[in-house]
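Following this message is one structure expressed as structure tokens.
Chain nomenclature is as follows: A, B, C and D, assigned in order of appearance, with residue numbering initiated at 1 for each chain independently.
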Amino acid sequence: MSIVIGRGKNSRRAYGIDEIALVPGARTLDPSLADTSYSIGSIKREVPIIASAMDGVVDVRMAVLLSELGSMGVLNLEGIQTRYEDTNPILDKIASVGKSEFVSLMQALYSEPVKYELIELRIKEIKENGGIAAVSLTPLGAAKYGQIVAQAGADIVFIQATVVSTNHLSPDGIESLNLAQFCQEMPIPVVLGNCVTYEVSLELMKAGAAAILVGIGPGAACTSRGVLGVGVPQATAVADCAAARDDFHTETGKYVPIIADGGIVTGGDICKCIACGADAVMIGSPIARAKEAPGRGYHWGMATPSPVLPRGTRINVGTTGTIKDILIGPAKLDDGTHNLLGALKTSMGTLGAQTIKQMQQVEVVIAPSLLTEGKVYQKAQQLGMGK
Amino acid sequence: MSIVIGRGKNSRRAYGIDEIALVPGARTLDPSLADTSYSIGSIKREVPIIASAMDGVVDVRMAVLLSELGSMGVLNLEGIQTRYEDTNPILDKIASVGKSEFVSLMQALYSEPVKYELIELRIKEIKENGGIAAVSLTPLGAAKYGQIVAQAGADIVFIQATVVSTNHLSPDGIESLNLAQFCQEMPIPVVLGNCVTYEVSLELMKAGAAAILVGIGPGAACTSRGVLGVGVPQATAVADCAAARDDFHTETGKYVPIIADGGIVTGGDICKCIACGADAVMIGSPIARAKEAPGRGYHWGMATPSPVLPRGTRINVGTTGTIKDILIGPAKLDDGTHNLLGALKTSMGTLGAQTIKQMQQVEVVIAPSLLTEGKVYQKAQQLGMGK
Amino acid sequence: MSIVIGRGKNSRRAYGIDEIALVPGARTLDPSLADTSYSIGSIKREVPIIASAMDGVVDVRMAVLLSELGSMGVLNLEGIQTRYEDTNPILDKIASVGKSEFVSLMQALYSEPVKYELIELRIKEIKENGGIAAVSLTPLGAAKYGQIVAQAGADIVFIQATVVSTNHLSPDGIESLNLAQFCQEMPIPVVLGNCVTYEVSLELMKAGAAAILVGIGPGAACTSRGVLGVGVPQATAVADCAAARDDFHTETGKYVPIIADGGIVTGGDICKCIACGADAVMIGSPIARAKEAPGRGYHWGMATPSPVLPRGTRINVGTTGTIKDILIGPAKLDDGTHNLLGALKTSMGTLGAQTIKQMQQVEVVIAPSLLTEGKVYQKAQQLGMGK
Amino acid sequence: MSIVIGRGKNSRRAYGIDEIALVPGARTLDPSLADTSYSIGSIKREVPIIASAMDGVVDVRMAVLLSELGSMGVLNLEGIQTRYEDTNPILDKIASVGKSEFVSLMQALYSEPVKYELIELRIKEIKENGGIAAVSLTPLGAAKYGQIVAQAGADIVFIQATVVSTNHLSPDGIESLNLAQFCQEMPIPVVLGNCVTYEVSLELMKAGAAAILVGIGPGAACTSRGVLGVGVPQATAVADCAAARDDFHTETGKYVPIIADGGIVTGGDICKCIACGADAVMIGSPIARAKEAPGRGYHWGMATPSPVLPRGTRINVGTTGTIKDILIGPAKLDDGTHNLLGALKTSMGTLGAQTIKQMQQVEVVIAPSLLTEGKVYQKAQQLGMGK
């Protein structure tokens, strides 16, 4: 439904995952019967949760652990891991510095150049330990490092920018990455993102994307919306891009999965993204809380170290358990941040969805969990602040 | 009205009780003239408020007290009361443990098996003291303990799960409870829930439910929405299920009462649930605040002790008065949490409703009590924080 | 527009004054040209602001002061002033008692009977000091004390209950006040309220009301909505009742002013109520902040001392200036709570409204001042809490 | 779409910039390719950000610095700068006084008369140092000081009141400023404001405005909405006035830029105002945070010193960097308040907008950044308050 903001400026309402809830139907099933698997190209995973390519979230060890648990972690190839051979002192420093020094420290640390040999080394370390070598590059990085990534034996590459398009205008003398050509030349699946609309995701699929990352603006460590004004609430973005996937599939027979990326904190958030049409989700902060996460209880966005316009904040997420506790449980916390897979399976059971495809079809209601007076009262009670 | 979340994903707006208010009409009446009674099967009660089957809310003594006051309390037959003969040290421990140890303590305490003889004992203790023996079981528990419950002399049984359906798929080798068969075989009224839609409540009525519990997600101690993404705001859920009751009544001549369960904190909440179509309400946290409540000022959800995916939190609700103060007054507090029956009668007087059926017909407006700037200002004033 | 809460339960959206804002048009005028006067019967006032009949707000001295300033204050004839000859120690006690003892103290203090001779005395005290003797009674009190009020020389009487109707059902043996008969028999204007709908205000006008009090639920010291679930947001209530006034005027030639009562805190609130159709407003808490207010910086609702269901809270509003500062300025505070008349005149100037009738016609937009993230950020800045 | 507030009171929904977000389209471009320039009359600027005519924001030095950076600062000719020759002790006092003495201090300081010779002096100081002499007057001040401003060599004058109209009614004996005549007689561009509607901005353009200031009520230091009830959320106001600009341009061939003024805090806010149709923005509090700002870390509105109805508050915005850090970067903070131009250029790149005109056409969605429970949770995490 078109909404008039003012004369001649039409708009539409977009919905966030905080504004929706899932409705049980006529059937329920035992959670053990829920099949949560999905595939990108020939890579099939049981856990439809991917760890974000963030320096506080995934290093070699985490990538291997996640692979073992049926999940996948993406290693950022333009971050700490490929700028420094020994990342421990670097990560210690990031975790220990005060708020006021943080931005300038990050700018300094990330001015160290990315090294070809470290790209090779990290990919090999993951492979040698039996992990899936999922790695990420920016479009600029893809032009530069794409070949070495393929040669080093990576299994899948994520080409990721805040906003990606197939039609990027560069200054004279700098050539833009041709995404279609890149996808064609790479011998491994190429995941593209991020985008938020039907039209752009369709273009990315036509360019040869193996999967699409959906989400601009909603993440906890992301300040795109505050700094740039840019973003689309995730429920609407996922539903629109999933519609592009279905139309592309009908037309071409190719099924390009949709990965919801950003703003996902609890098991309920994962369930809701899939119910809006996602095949899998990408999460950062929930994984950063694992004991094994490189961030030492901290989490920061990929645009944080920008020398000109730093965006994204360092968040103290704390450490709440092992990656196993968080991902596949059993849960040691009762707030929905442990056993994310169990939460998904239980939700699917409750909703009678046996597969991810069925989960994408469940009924959704608009039900904003706004902070009403009643809820503030309840919260106060929960905190023992009742009158 | 259908709302488009994104291409191909339609939805509708659902409303919570915090978003509505009741509108006085052309008639008023003296509160003493309001008849609040309702019936489930042959059990008629003057107070349309049922205490939840939660271990912090109802034990034998509370069940008896509530019966005496014209109300009813449901004893959880798969909780502390049937796992331990002497529950005092157990409840003391739950109330004294720190936040970080709580989940693991609960998991340990609830791994003690349920005992047939304690099921019998608790039912008999209630009956011997003149109370209504209202008890609850999960669907799994119903298959196991249904017969003994009937033999022990229970008056009414609540078969309750987060989400219940007449079509539950179990893993091979485990048989699902046939709800229709169970209702038919039990010699006492069987209340079924929880559900939130017209369709499912109609199915449950057809299966022989004596009453329907309506509510998924809205409770203070419930984290279904956060952990599973599942839930329907209560005003919409109650209205939809009440419509099923009315249609079923028209078709079959059987009147199956609707019990709103979850998220009810004040007298106003009770009034609003009935105005949306409920015949009675089920409440936990307001009762947990009684001096006589087993929880010692604490309250926790039924999914809290899950070994795999603990949900629901322990809430410190405090102790604010006797169960008589809270239920039928006179009130000793001025915030709507004492004399819940008096609040309902006064509201009915204000709205000119002489019976629960008339109260179900009063005019409702959508009037979100959102936290606007003005209200924050007022709140600040109330707290003496004015500039 | 009809909104479906659930099957068969229709509703409509009602708006509060926090959700609207006023739109300047093609004309502006100097505030000194704004005529703010209105009349009830033969009583004409320059200041369309009436002080509520609350014991913390109006006593004899305040009634006289308000009359001198062009306003009016209503004395509660069933409160402290008519139960005690010397009210000072009583008011001191109310202001000094702790939160936990407050409800029981109020219940005790208000169990002292109302005295006929004090009703006479208070009215005479106001008249002797040159004030307008505006007084209030409940419907029950009206039956009992109506005659003495008239004889003592009151100028105007407010018959006020949380919700009033022309069709009140009483228990056997107790007769309801016949409002039409009462209005006819009283030799002075009778103001009736509170109500919130077109239909009821029309009935009250037909019964002979000299003015209508509009507002159920929105006040700061009022907990009708929390305790009873009852209330209609004020912008909608005022607009609906103003429509009844206009239709009644067209039909009968009689103009019955609408007084918006409840939830009004700032000058902007007053302006918005008039823009929705009110002729005047009744306010409590802003007046309670005057140095001369009997409440000693405290404010409480009329249902607070109920022996059975106390509602309304004591609010610590503080003391911020003289009644002249607050009502007609000049302001000594910059937050909209001083010089309420000046704010109204400035707003009328800004909006090009020369009279209250013109102010009732100004353009209104729906513009919720919700607590968005941006506003929280701004607030934090204002409080010096910026990062 | 018309919304019924109550019978006979129609309204429409207006949107604020907190309620919208910008949607990336099929094209992206490198930020360096974004052309952000705009013109008022013959004055062309690279930075479409104007510093507000507020005493805590712009003095002679700031006006010169802003000119050098490609921006513009407006000097308030009826404030501290023209009442006192040596403003340092005055500004020190404003920054040091306590909250309770602030209003009376301001009223006293601003009762010192404005001096013709200081008006001349300030304009000359700016010109001698190579700055653009942009100055502001109220409509009353324009009548009095207009001629001297032109003679002293000002480059552009802003005639600004909370609400301006071409049809202002003054008391007998006082003549209103004829805006059309004033614009015609002044040899320099005259900017007029503030307004919020299509109709009034069209009238102002017809009167000869060189640009229009749009915004009533949304500013951080502005309490128009609280005190007067007056205001229109900025996204709607800007879109409506931009439509008037486009229609006026089509009809007359004259392009009168729209300047969004008020409530703009971050880079994202600037981007969103332009996306709604603005050509440039006017900001106060973000500039007040510069080391070089005259306010010493404080910021206050122009209606603050009113002797009768003081509005606007002093806000402690703190000092976060140089004006260069804030305006054109590089940013030293990561929260969107540094490098505002860089944020705009990055946003334009992301959205594929090469010019301000293209940026005015980008897609906008309604996406309220409400404080949902999920966001409170995220915020708590960010503040290290996670459970």
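Side notes on the structure shown:
In the analysis below, a residue touches a chain if its C-beta (ideal position, glycine included) is under 8 Å from a C-beta of that chain, and two chains touch if they have at least 3 such contacts.
Keep in mind that what you see is a predicted model, and the values were worked out from it rather than measured.
A rotation of 90 degrees, rounded to the nearest 5, superposes the Cα atoms of chain A on chain D.
At the interface between chain B and chain C, under half of the residue numbers involved are used by both copies, so each side presents largely different positions. Inter-chain spacing, taken between the CA centroids of chain C and chain D, is 38 Å. Here the spacing of chain B and chain D, counted between their Cα centres, is 54 Å. Within chain B, the positions touching two or more other chains are listed as 13, 236, 266, 269, 333, 335, 369-371, 375, 387.
Every residue of chain A that touches chain D in the complex is listed here, in rising order: 3-9, 11-14, 16-19, 102-104, 162-171, 174, 195-197, 199-200, 203, 216-217, 220, 223, 225-233, 236, 265-266, 269, 285, 304, 307-313, 315-318, 333, 335, 368-371, 375.
Every residue of chain D that touches chain A in the complex is listed here, in rising order: 1, 13, 15, 20-30, 32-33, 198, 235-244, 246, 266-272, 275-277, 329-336, 339, 342-343, 346-347, 350-352, 354, 363-367, 369-378, 381-382, 384, 386-387.
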